[in-house]
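Two complexes, one shared chain (chain A), two partners (chain B, chain C).
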Partner chain A sequence: MIYLSVAKDFTKTPGFRYETQSPGISGELFRMSKLLVSYEQAVKNNDKLEVNLDGTAGYLTSFLEEAFGGLQRYYRENGDNRNILESITIVSDDEPHWKSDIERYVQRELEKSK
Partner chain B sequence: MSKENLKNPNSFNLVAWLWGLWAGTIVFFGLMIVADAKHITVSREISFQIDPTNIFTILITVYLAVTVLRQLNRRDEGDKLERDLYIQSLRDFHSQLTSDVHGLTVTTGVAGTTVASTIKNLGLALQETLVLINMSPCDNKENITLLNNQFSKLRNLLTYVPHKLDTTNNVVIKSGNMIYSSAYITSISRELAEFKKILFLIILKINRS
Partner chain C sequence: MKLRLKREKYIKHCLSVARRSEKRRSQVKKIVKAQRRSFLGMTAEERRLSYLRNERRIIVTTPSVFTFLTNPNVVVGLIDKIEVALLKAKEEGKELYVDMWHVSSIDHATISALLAVLYRARKNGIPINGNWPKEDSAKQIFKKSGFIYTLFSNDPDAGHKYEINKENQLFTSDAHDIALVKEMSDGVSDFITEGKQKLGGLYTTLGELMDNAVTHSGGGGRWWLSINYDRTNKKAKFVFIDYGVGIFTSLGEKVDTHRVKILWKKAITLFGIDAMEKQLKLIITESAGQVYNLEGGHGEGIHGIYQTFKRQELDQLYVVSNRAFGNVSAEKYDRLTSDFKGTMYYWEVSEKNVIISI
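Then we have the complex of A and B:
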C-alpha cells in the first residue's frame, strides 16, 4: 500500500481549486504534484494508494473536486476510461462525508465518458 | 437533585424511606406514652376514643403518600432537566451556526482557508450535538437525517469555488478571499433558514416528549 496524507505530504491548509487562486496549496497542484505521481506509482506496482484527508484545517469542495474529479478528467480527456477509485482508498475520519463526495465527483466524470 | 435520580429517575430512595419508617415508629410509641390509656378527652361535651394503632396507620399512610409524591416530583424534575439539556445543546449549535455563517457572508469576503476551517468545525460540532440528541427519549432519526442532508447543502454552497467555465460570478476569488454575490447570499440564507426549521422541529419534539 502506498500512503499519501494531505496534511503531512502537502499542506495543513488546503486552498482553492486553481494555482492562480491559491499558489502552493491548490487542488490543482495537489493533483499534479502528489496525487497523480502516487497514483501512477501504485498502478505501476499493481498496488493501492491510500489517501488520508485527516489532520487539515478543512477543505473547500472545489479543492477535492479538482484533485480527484480532475484526476479522473485527466484520464478521460486522454481517452482512458479507467475508474481511478479502483486503486485509491480514501480515509477521512474527521469528515466521513468527503469519501462519498469524492466518489460522486469521480462518478460524474466517468458518466461523461459513456 | 441527586445523580442517582438523574441516571435512573424511577429509582426509589430506600434510605429516605427507612428514615421515615423509623420516625413513624418513634411517633407511634410517643403517642402510646402520651395517650397512656385509650381515651383522650377533647372537651367536656365531646369525648371519644382515639386508638393509637389507627394514629400510627394514618401517620404511615400519610408518610408513604408524601414519599411517593416526592419521588414522582423528583422524576419529573429529572426528566425536565434532561429535556432542557438537550434543547440547550441544540440552541448552542444554532447560535454557533448563525454567527459563523453570517461571518462567512460579509461583503468584503473571507479567506478560503477560513471558510474551509469554519465549515469543518461546524460539521464536527453538529455531529457532537447529534450524538447527544440520539440519546434523547424521543425518536428523531428522520429529522437527524434531514438535518445532515441540509447541512451538506449548506456546506456545498459555502465551499464551492467555480470552474473556469463557470461565468455566473456567484463566487469570486479576490486576493485569496471568497466573495459571494448578493443572489448567492440569498441562496445561502434560504438553505440556512431551512436548516433552522428542522432544528426547531427537533427542539419542539424533545420539549413535548
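Then we have the complex of A and C:
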C-alpha cells in the first residue's frame, strides 16, 4: 500500500482549484505533483493508494474535484476509461462526507466517457 | 498727528466690519423668516424633507422595515432605486442622499448590500451623503456595523483588514485568499468554542463563496463579508455578498457550448425564464454542475455549501440572487419583484454546529 496524506505531504490549508488562484496549495498542483505520481506508482506496482484527507483546516469542493475528478478527466481525455477509484482508497475520518463526494465527482466523469 | 490718523483709520475699519456683519445678519433673518413662512401649514415630515432638498442632491428614502431576510422585495427594490439614482447623479453631477430617518429595523445583510452598491459608486466618484435612522436601536446597529468607516474613510486599510474577535466587522476584497479563510475560521472557532475546534464547514463555505465571487460574479470579483458576534448566544452571523451579475445571469453567460445551450433552454422551458426560484432550489439541492452539465467539474460550490448546511455545520441559511430568494432552512423559495444584481448569502454558526475536535 502506498500512503499519501494531504496534510503531511502537501498542505494543511488546501486552497482553490487552479494554481493561479492559490499558488502552491491548489487542487491542480496536488493532482499533478502528488496524486498522479503516487497513483501511477501504485498501478505500476499493482498496489493500492491510500489518500488520507484528515488533519487539514478543511476542503473546498473545487480542490477535491480538481484533484480526483480531474485525475479521472485526465485519463478520459486520453481515451482511457479506467476507474481511478479501483486503485485508490480514501480515508476521511474528520469529515467522512468527502469520501462520497469524491466518488460522485469521479462517477460524473465516468458517465461522460460512456 | 500720525497716531491720530492711524486711530481714525482703525475706527473706520471697525465701522465697516460692523456694517457688513449687520447686513449679513439681516439677510439671514430674512431667509429664516421666509423659510418659516413657507413652512406654515406643512407637516413635520414635509418640513424635514424640505430641509434635505436642494438642487445639487438626489434623495432616496429608505423604508422603515429595512431588513433583507424578512423583507427582501423591499430591500432589492430600494437597491434598484439607488442604482437608477446613481446613474442620474453621475449624469447630472449631483450628490446621492440616502434618507434613512424612518428606518426602525435594519439587519447586517441590508447594511452589507447597501455598502456594496454605494462603495462602487463612491469609487466611481459619485458624492454620497445620508442621515442616521431616528430610531435608536436601528441607529446603533448601523453605527456599530463599520459601514461609515468602510465607505468614507481615507484609510487604505478600511474594510481590508480582518481583526480576530472584533464584534462587528465588514470586510471586502477581490482576491482568492485561503490564508484569510483559515484565519476567519480559526477566529470564529476561538469565539465559539474557546478551546480550539476545527470548523471545516465554515472553511468550505467561506472558500466556496470567495471562489464563486472572484471567478464567476462578473463584478470585478469584489466580495463583501460581514461577521457579527452575538456574545449572549455565542453565535457568529455571516453575510457574504458579491455585487456583480447574479448566479443566473452568470450561468446564462456561461452557456456557450452547444450542449449546455440545449440544457439551459430545457431548464428555461421547464421552469420558465422568470421561475428563478425553482432553478435556485435545484442548483442548491442538486448542484449547478449536474443540472446544467457544466464542463470541467465546475458548479459544485453552492451545492457544497448546502451539504454543509445539511450536516448541521451551519444554521439559518439564506440565498438571494437575481430574482430568486431562498430561505433554505425553511425550504422556502420565492420570486422577487426586482432583480438583485449579485448574490447574497446569510448563515449562522454557533456551538451546536461544531462537530470535530482537533
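By definition in this document, the second predicted complex is superposed on the first by the 114 of 114 C-alpha atoms of A that agree within 3 Å, B and C clash if a C-alpha of one lies under 4 Å from a C-alpha of the other, contacts with A are read in each partner's own complex, and residues count from 1 in each chain.
Criterion: a residue touches a chain if its C-beta (ideal position, glycine included) is under 8 Å from a C-beta of that chain, and two chains touch if they have at least 3 such contacts.
Model, not experiment: these values are computed from the prediction.
*Asks:* Is A:97 touching anything from chain B or chain C once the two structures are fitted on A? First, second, both or neither.
*Replies:* A:97 contacts both chain B and chain C.
*Asks:* Return the chain, chain B or chain C, that is in touch with more residues of chain A.
*Replies:* Chain A has more residues touched by C than by the other partner.
*Asks:* Is A:73 touching the first partner chain B, the second partner chain C, both, or neither of them?
*Replies:* Only chain C; A:73 stays clear of chain B.
*Asks:* Contacts for A:43 in the overlay, against chain B (first) and chain C (second): which applies, first, second, both or neither?
*Replies:* neither
*Asks:* Thinking of the overlay built on chain A, is A:60 touched by chain B (first), by chain C (second), by both, or by neither?
*Replies:* Touch partners of A:60: chain B and chain C.
*Asks:* Where does A:110 make contact in the superposed view: on chain B (first), on chain C (second), on both, or on neither?
*Replies:* neither
*Asks:* Taking the contacts chain A makes with chain B in one complex and with chain C in the other, which residues are shared?
*Replies:* The overlap between the chain B and chain C interfaces on chain A comprises residues 13-17, 21-22, 25, 57-62, 94-95, 97.
*Asks:* In their shared complex, at which residues does chain A touch chain C?
*Replies:* Residues of chain A touching chain C: 13-17, 21-22, 25, 57-62, 65-66, 69-70, 73, 94-95, 97, 101, 105, 108-109.
*Asks:* Can you list the chain B residues touching chain A in their complex?
*Replies:* It comes out as residues 112-113, 115-121, 123-124, 152, 155-156, 159-164, 173, 176.
*Asks:* Which residues of chain A touch chain B in the complex?
*Replies:* Counting only chain A, the residues touching chain B are 13-18, 21-22, 25, 57-63, 94-95, 97.
*Asks:* Mind listing the chain C positions that touch chain A in their complex?
*Replies:* 176, 178-179, 181-182, 185-186, 198-204, 207-208, 211, 214-215, 289-290, 296-298, 300-301, 303-304, 307, 311, 356
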